[in-house]
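I'd like to ask some things about the structure below.
For clarity, chains are labelled A, B, C, D, E and F in written order, and residue numbers in each chain start from 1.
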Amino acid sequence: MRLQLLSWPEVESYLQRSRGVIVPIGSTEQHGPTGLLGTDALCAEGIALRVGEEAGALVAPTIGVGMAEHHMAFPGTVTLRPSTLVLVIRDVVQSLAWHGFERFLFINGHGGNLPTIKAAFYEIHAEARATRGAAAPDLRLKVMNWWDGQEVRNLGRELYGSRDGAHATASEIAVTRALFPDHIKTAPLDPPVAPSAAFHDSRHFRARHPDGRMGSDPSLATPEHGHRLIAAAVPALAAAYRSLLQEP
Amino acid sequence: MRLQLLSWPEVESYLQRSRGVIVPIGSTEQHGPTGLLGTDALCAEGIALRVGEEAGALVAPTIGVGMAEHHMAFPGTVTLRPSTLVLVIRDVVQSLAWHGFERFLFINGHGGNLPTIKAAFYEIHAEARATRGAAAPDLRLKVMNWWDGQEVRNLGRELYGSRDGAHATASEIAVTRALFPDHIKTAPLDPPVAPSAAFHDSRHFRARHPDGRMGSDPSLATPEHGHRLIAAAVPALAAAYRSLLQEP
Amino acid sequence: MRLQLLSWPEVESYLQRSRGVIVPIGSTEQHGPTGLLGTDALCAEGIALRVGEEAGALVAPTIGVGMAEHHMAFPGTVTLRPSTLVLVIRDVVQSLAWHGFERFLFINGHGGNLPTIKAAFYEIHAEARATRGAAAPDLRLKVMNWWDGQEVRNLGRELYGSRDGAHATASEIAVTRALFPDHIKTAPLDPPVAPSAAFHDSRHFRARHPDGRMGSDPSLATPEHGHRLIAAAVPALAAAYRSLLQEP
Amino acid sequence: MRLQLLSWPEVESYLQRSRGVIVPIGSTEQHGPTGLLGTDALCAEGIALRVGEEAGALVAPTIGVGMAEHHMAFPGTVTLRPSTLVLVIRDVVQSLAWHGFERFLFINGHGGNLPTIKAAFYEIHAEARATRGAAAPDLRLKVMNWWDGQEVRNLGRELYGSRDGAHATASEIAVTRALFPDHIKTAPLDPPVAPSAAFHDSRHFRARHPDGRMGSDPSLATPEHGHRLIAAAVPALAAAYRSLLQEP
Amino acid sequence: MRLQLLSWPEVESYLQRSRGVIVPIGSTEQHGPTGLLGTDALCAEGIALRVGEEAGALVAPTIGVGMAEHHMAFPGTVTLRPSTLVLVIRDVVQSLAWHGFERFLFINGHGGNLPTIKAAFYEIHAEARATRGAAAPDLRLKVMNWWDGQEVRNLGRELYGSRDGAHATASEIAVTRALFPDHIKTAPLDPPVAPSAAFHDSRHFRARHPDGRMGSDPSLATPEHGHRLIAAAVPALAAAYRSLLQEP
Amino acid sequence: MRLQLLSWPEVESYLQRSRGVIVPIGSTEQHGPTGLLGTDALCAEGIALRVGEEAGALVAPTIGVGMAEHHMAFPGTVTLRPSTLVLVIRDVVQSLAWHGFERFLFINGHGGNLPTIKAAFYEIHAEARATRGAAAPDLRLKVMNWWDGQEVRNLGRELYGSRDGAHATASEIAVTRALFPDHIKTAPLDPPVAPSAAFHDSRHFRARHPDGRMGSDPSLATPEHGHRLIAAAVPALAAAYRSLLQEP
C-alpha cells in the first residue's frame, strides 16, 4: 500500500488496525559508468513496496535524495546536507506521528545515509521530550538497509563473491536491472573490478575511485539476479517490520 | 530524461549541450474522499516527465513532500515545515548548480508550495551572494504550476466550469486517473460540490471543508479528461522551459 | 493606536475589548532615482496607522526591513534573508499571541515580501501544532497589500494608466510624497517610462532595470495623488480588518 | 540623514565620501504604568537622528523590536529571541557592508539588547572569516547606549538622583516626553520609587516589579528634561562616531 | 563534587537535598607567549571545583571551548560561533533541568563569553515559555566571572597594579601556574607591559596586540600568587551560590 | 601534548612539523550504579592523551558532552541534541583548520556519538565545498572508538567474556578505575549481568535496563585491568593516527 495512492479515509481506516508504516529512503548519486543515479532510491522504493505488500504495511513517500556529499565530484549527484536531511526525517516522522503512527521502519538504500538517519531519530526523541515531556508519543524508529538480511548477503556472495564490491555493487545494479529492465546501460569498465579505498571528501573519493565504483564489477549484474535478490531481501524486512509492530 | 535513470557520464554529456533542468515538486496531502494523497506529487512528476520528453530536458528527482500544514487535520498528509522545504530546495539547487546547471524550471503541483518555493529562490540567491559575491553562479530559478498555461485552464473550465474547484479539483483528480487508472476511488461526495472558503490553520481548514475538498466536484473527473489535460499542459510548460534556456 | 505609544495597562485594557492587531510590514530598498529607499515601509506604516484609526485597531511596530534581495545591486537597499524574516514574523506573532492577540492583519508595502510572509504564517501554525497540539491558540493570520482594494487600483489606473508600473510605481511614490512632502526628489528619468521585465537575482534585476524602476513613470506622482490614494486604500483595509475580527 | 528618506543615488554619493553608518536599535517593551511601550526604540531613533545630523552620518532603519523576553509578563511587550535578533543584526550589517559600509555605530536604547548585539558582532566576524577568509571586509562594529556619555549620566543624576532607576527610568521617560509631548501619560505610581532587584525570567521579573518599573520614579520626568538629556547625549555619541570613522 | 565522577544514583540522592549546580565555562584561546591556551577553561574549572567543595555543590562538566573569535589570528585558538555556544548552553541547562536542577551558577573564565552566555539564558527562558507556557520550570540562571569578587580584584591590584592587564592577565596566568606548576612557560615579553586597545575582528586584535597580550605583564605571575588568588576568589563565589539557592 | 597546556607559539612551532591533531570526544551519561557519569569522556581523554604522547600528537580539548539522549531517564546525564553536536564538531574542526590543521583523528568514548560525528564530518565537507569550492582545505576527518583495536577487544573478551556487555561495560569501568582509583564505587548489581535489549527513546531504555547497564557485569572491573586495557588500546590508535598523517 503506497500512501500516495490512498485517500485519506483509507489511511484513517488503516490506522484503526495498525500503527506501523514503512519509509523508503535512498539517494540520488553516481553509481559508476553503468549504474543509475537513482539506484539507492529506486532499490529502496522497489523493495519497500514489496515488503509493504508482504506485510500489509503502508509505505510512505520515498525520501529519494539523501546524504551523498562524497559523490559530489560526479555530475548528476544530488545531496542534502546532513543537517537538512535530519529536518526532513523529523518532519516526515512528526507528520505521520501526528496522525497516530508510532512504529516506523525506514528501509534504506544508501549506507551513507545511516549516520544521518540515526542522528535524526535522536533529534526527534530529544525534541519530543523537550516539548511534550512525559506526554511525548512512544515512537519506535528503526532503520534497516535492504541488504541487511542474511539471505540477501549470502546470495550476493554466491553470485559475485568479492566482486560485489562496496559502492555501485553488482547486487544493487542487479536490482535496478530487474526493476528497470529498459534502462540497462553498458560501458567499458576499466579495471573490471574497481579499486576500493577509504576516502574523505568528494575530491578524495574521485581521486581514489575514478569512475565512481568501489570494489565492484557491475558487469556481472543481470535482471534475473535482481529478481532473486529482491526475493531474498523482502522476507527478512517484512519479518523485521512485524517484530517492530509486536514490540511490547 | 529522468535523472535517476541516467548514469553520471550521461549527465556529463547532457551538460555539454544544455544547462537546463526541470524539477518536479508536489505534496503528499489529502485530496478529499476520492483523491489520492499523492495527487500533487504525481501530477507534477507525470507532467514534468512528459515536458522533459517534449523539450529534451533532464528531469531531476521529484520533491514529493511539500508544505501541507493546512491539511494536517486529515490522516495521511505529510508536511515539511516551510523552513525545512527552503533548505531542501536550496540543497537540490546547489547540488545541481555545482555540476553546472543554471536554468531551473520547477514544475509545481501544489499551490500551497508557491510561497515557500519563492522564498527558497531568494534564500539561494542571498546565500550565493553572501558566500561567493560577484563570483556567484548566474542561476535562473523559475516555478510554474502545471496548470498555469492558458490552454489547460480553458480545458478545465470547459470540462467542469466552476465545479473544478480550488482543492482536490476535478482537473487534478482527472490527471491522476489518467496516470493511475488502477487507483480510481469512488465514495459518496456530499455535497456534490464542496464548500470553499478562506482558512487559517489546519483545524480551521477542516472545520470549513469537512471532507477535504474545496469547491470541487471530482466525481466529474475521468481518465480521458486527464489525458486531455496533460496534453494541454505540456506544450506551455515546454515552451516556458525553452524560453528559460534562451534567456540572454 | 500605535502600540509603541501606549503603556502596558492601555494594551491590557484594549485586550479586554479586542483580540485584533495590525502589523505594518514593508521594505527598505531602492525605488528608482527619485523614490525613497523606505517607500515600502513608510507607505505600509502610514496607511496602517490610518486604518488603525478608522477601525479602532492597535498597530504593532512596523517591520521596516523585509525581503529585498533582488534590489541589492543598488546601494542603500537592506534585506533580511527569507529565513530570517520568517523568524522575525514568528517572534512578533508569538509575542503578541502570548498576550492574547489572535487576529492579525499584516498590511504589506512590498510585493516581494508576500511569499516569505505566507511561509512564515505556516511556520507559525506548524510550530504551534508541534509544541501545543490541540491547545495551540486559534490564530488568524492574514496579509493584504495596501493597494489590494479595488478602489485604490482603480484610482491608480485612472491617474497613471500603464505608467503606474510594477516597481517604484507612481502610486507608491505619490503616497510617500503625501506623507513626506519635504522629501520629494527630482532627477531625470530616462526613459520616462522604465522597462519592465522578469528577473532573477539582483545582478539580473539591475541589468534589466538600470535605474531601479520597473515599468513606472514616477514623475507623475504628486502629494495630492498620494492623499487620494491613501483615502482610497484605508476603507478597504479597515473593512478587511473588521471582517477578520468577526470571523467565527 | 535617514536612509529611508534618501534615494539610492544619494546613498551612492554618500558612500563616495564616507563608509560610516549609524544603526538605531531599541525595544518594544513595557515601561511601567506611564512609560511608552516603544520607549527604547523611540529614544534610540530620536537621538540617533540628531547624532546623524550633528555628525553628517547616515542613519539606517531602526531595529525597533529587540530582546525583551524578561518583560513578557506585561501585555504589549514584543520580543525577538536572541537567536533571531542575532540574525537580524547580521543581515542588516551584511546588507550595508555589501554596498561598502564599514564603520557601524549602533545606538542602543535597551540595556537588555547588549549581550545579543555583542554576540551578533562576533557571529558576523566569524561568518565573514569562514566564508571569505582573508578577503573578509574590515568591519568595525561598535555599540553605545544613548546614555553612555558622561554628560548625560551627570544630568540624570542631577535631575533625579537615585530616583532615576534602572528600568522605565525617569531619564528615558523624559526623552520620550520631549519627543512625543502629545503622548504623556499619567497614572498613580505606588510606591513612588519602584523596587529594584535582580531577576531571572519574565514571571520572576513581574513578581519583583509588579508595575514594571525598576527603581525609578518617572513622575519626575518632564519634556524639558528630555530636551536637555538629548542635548547632553548627542555630542558624546557624535564624537564616538567620528572616532570610529577615524580609526586607522 | 564533580558530576563526571559521580554515579547516577549519587546524583539522584543529591537532588533530594539540592536543586543547585555549578557550571564552569571557559575558553581555549591564546594567552600571549607564556600563557596556556586553556587558561580560561582551566581557571574556571579549577576554581569551580573548589567552590563546589566549599559550598557542597555539584559541578557539571566544564564548557571548555567558548567564544574566542577575536583570538583566531593566533594558532591554537578554538572558538564556537556565538550561535553554537547558545545551543550548547541551552542543551546543558535543559538536560540538567530535566532531572530537576533549577539553580545554575555559571563560573566563567573568559570575559568574551559573557554576552553569549547572557543571550543563551534568555534563549532558554524564551524557549521554555514558548513550549511549556505557565508550566515552564522556574530556572534561575546566573553567571559570574571567577574574578568578580571584591577580594580577588583587590589582590590582583595589590600584586600587579595596572600591570595585571586585560587579557593574558598576570592574575589568570598566576592561577594556571598554581594549578599546573609543571607547565610554566617563559619567553621574552616585549614590551614588558603589552599595549591595550579596543579591537574589532581577529585581524584587528592581532594588529594591535602582536603577541596576544592586552595590557598585561604576566612575567609577574607566580604559582604562589595563584594560590592566593584562588583562595580569594572561592568564598565570594561560594557565597553567591548559596544566595542563589536561597532566593525565594 | 595537550593543546590547552601549550602556548600559541608552541602550537605555531608544532604546525611547522605536523598538520595532525587528535580530538577526544565522549559523553556525560549514566553508566549504571557503579560507573562514573563521565566514563565516556574520561576514557576518551585519558587514552587520547597517551596516544598523543606515543605519537607525538597534539590533543585538542575534549568534547565531553555528547549525544546521550537515550540515557536521559537517569539523573546526571547531560546531552547535546544531535544538531548541536554537529555544530560543535564543525566549529572545532573549522577553528583548527583555520590554523592549518588538516588531519583529524577523533578518539571516541561513546558508541552513541558515532552517527552524529559522521554526519558532522560531511556537514563540514559540504559547507567547505559550498563556501570555498575548489579552494576548500583538504581535510581528512577520521573517528575511532578507543576500543576499536583488535588487541583491546581480545583483552576485553579474555577478561570478561560475554560479561563485558554493551553499556557500562566492564572494560570501560576498568579504564576509569585505572584513571581515577579514588573514585571506585560499589553497589549491589542485581542481576549481576544486566539485561541487554534494543531500545528506542530514553523511557524505553530505562524500562528495559532498569539500573542503566546493558549486558554488563562491571563488578569484574579492576584498576589493573584498566591499565592493561589502556596499554592495549594506545598502540592501535597511535598507528591509526600515523597512517592518517601519511595518507597521500
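In this text, a residue touches a chain if its C-beta (ideal position, glycine included) is under 8 Å from a C-beta of that chain, and two chains touch if they have at least 3 such contacts.
This is a predicted model, so every value here is computed, not measured.
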{"item": "Mutual neighbours - chains that touch chain D and chain E alike", "value": "C, F"}
{"item": "Taking each chain's C-alpha mean as its centre, the one farthest from chain C", "value": "F"}
{"item": "Selected interface, E-F versus A-C, where C-beta contact pairs are more numerous", "value": "E-F"}
{"item": "Selected from B-C, A-B or B-F, interface repeating D-E by over half of its contact pairs", "value": "B-C"}
{"item": "Centroid distance [mean C-alpha coordinates] between chain D and chain B, Å", "value": "46"}
{"item": "Centroid distance [mean C-alpha coordinates] between chain F and chain A, Å", "value": "29"}
{"item": "Centre-to-centre distance between chain F and chain C (centres being mean Cα positions), rounded to whole Å", "value": "53"}
{"item": "Residue list for chain F, restricted to those that touch at least two other chains", "value": "72, 79, 81, 83, 98, 129, 131"}
{"item": "Chain-to-chain touches, reported pairwise for every pair that qualifies", "value": "A-B, A-C, A-E, A-F, B-C, B-D, B-F, C-D, C-E, D-E, D-F, E-F"}
{"item": "Partner chain E, residues of chain C touching it in the complex", "value": "94, 98, 131"}
{"item": "Residue ranges of chain E touching chain C (in the complex, touch as defined)", "value": "129-131"}
{"item": "Chain D contact footprint on chain C (complex, rising order)", "value": "2-12, 15, 28, 30-38, 41-42, 60-62, 64-65, 72, 74-81, 83-84, 87-88, 90-92, 95-96, 98-100, 180, 183, 185, 187, 212"}
{"item": "Footprint of chain B on chain C - complex, ascending", "value": "67, 69-70, 72, 79, 81-83, 86, 112, 114-120, 122-123, 125-129, 136, 138-141, 200-204"}
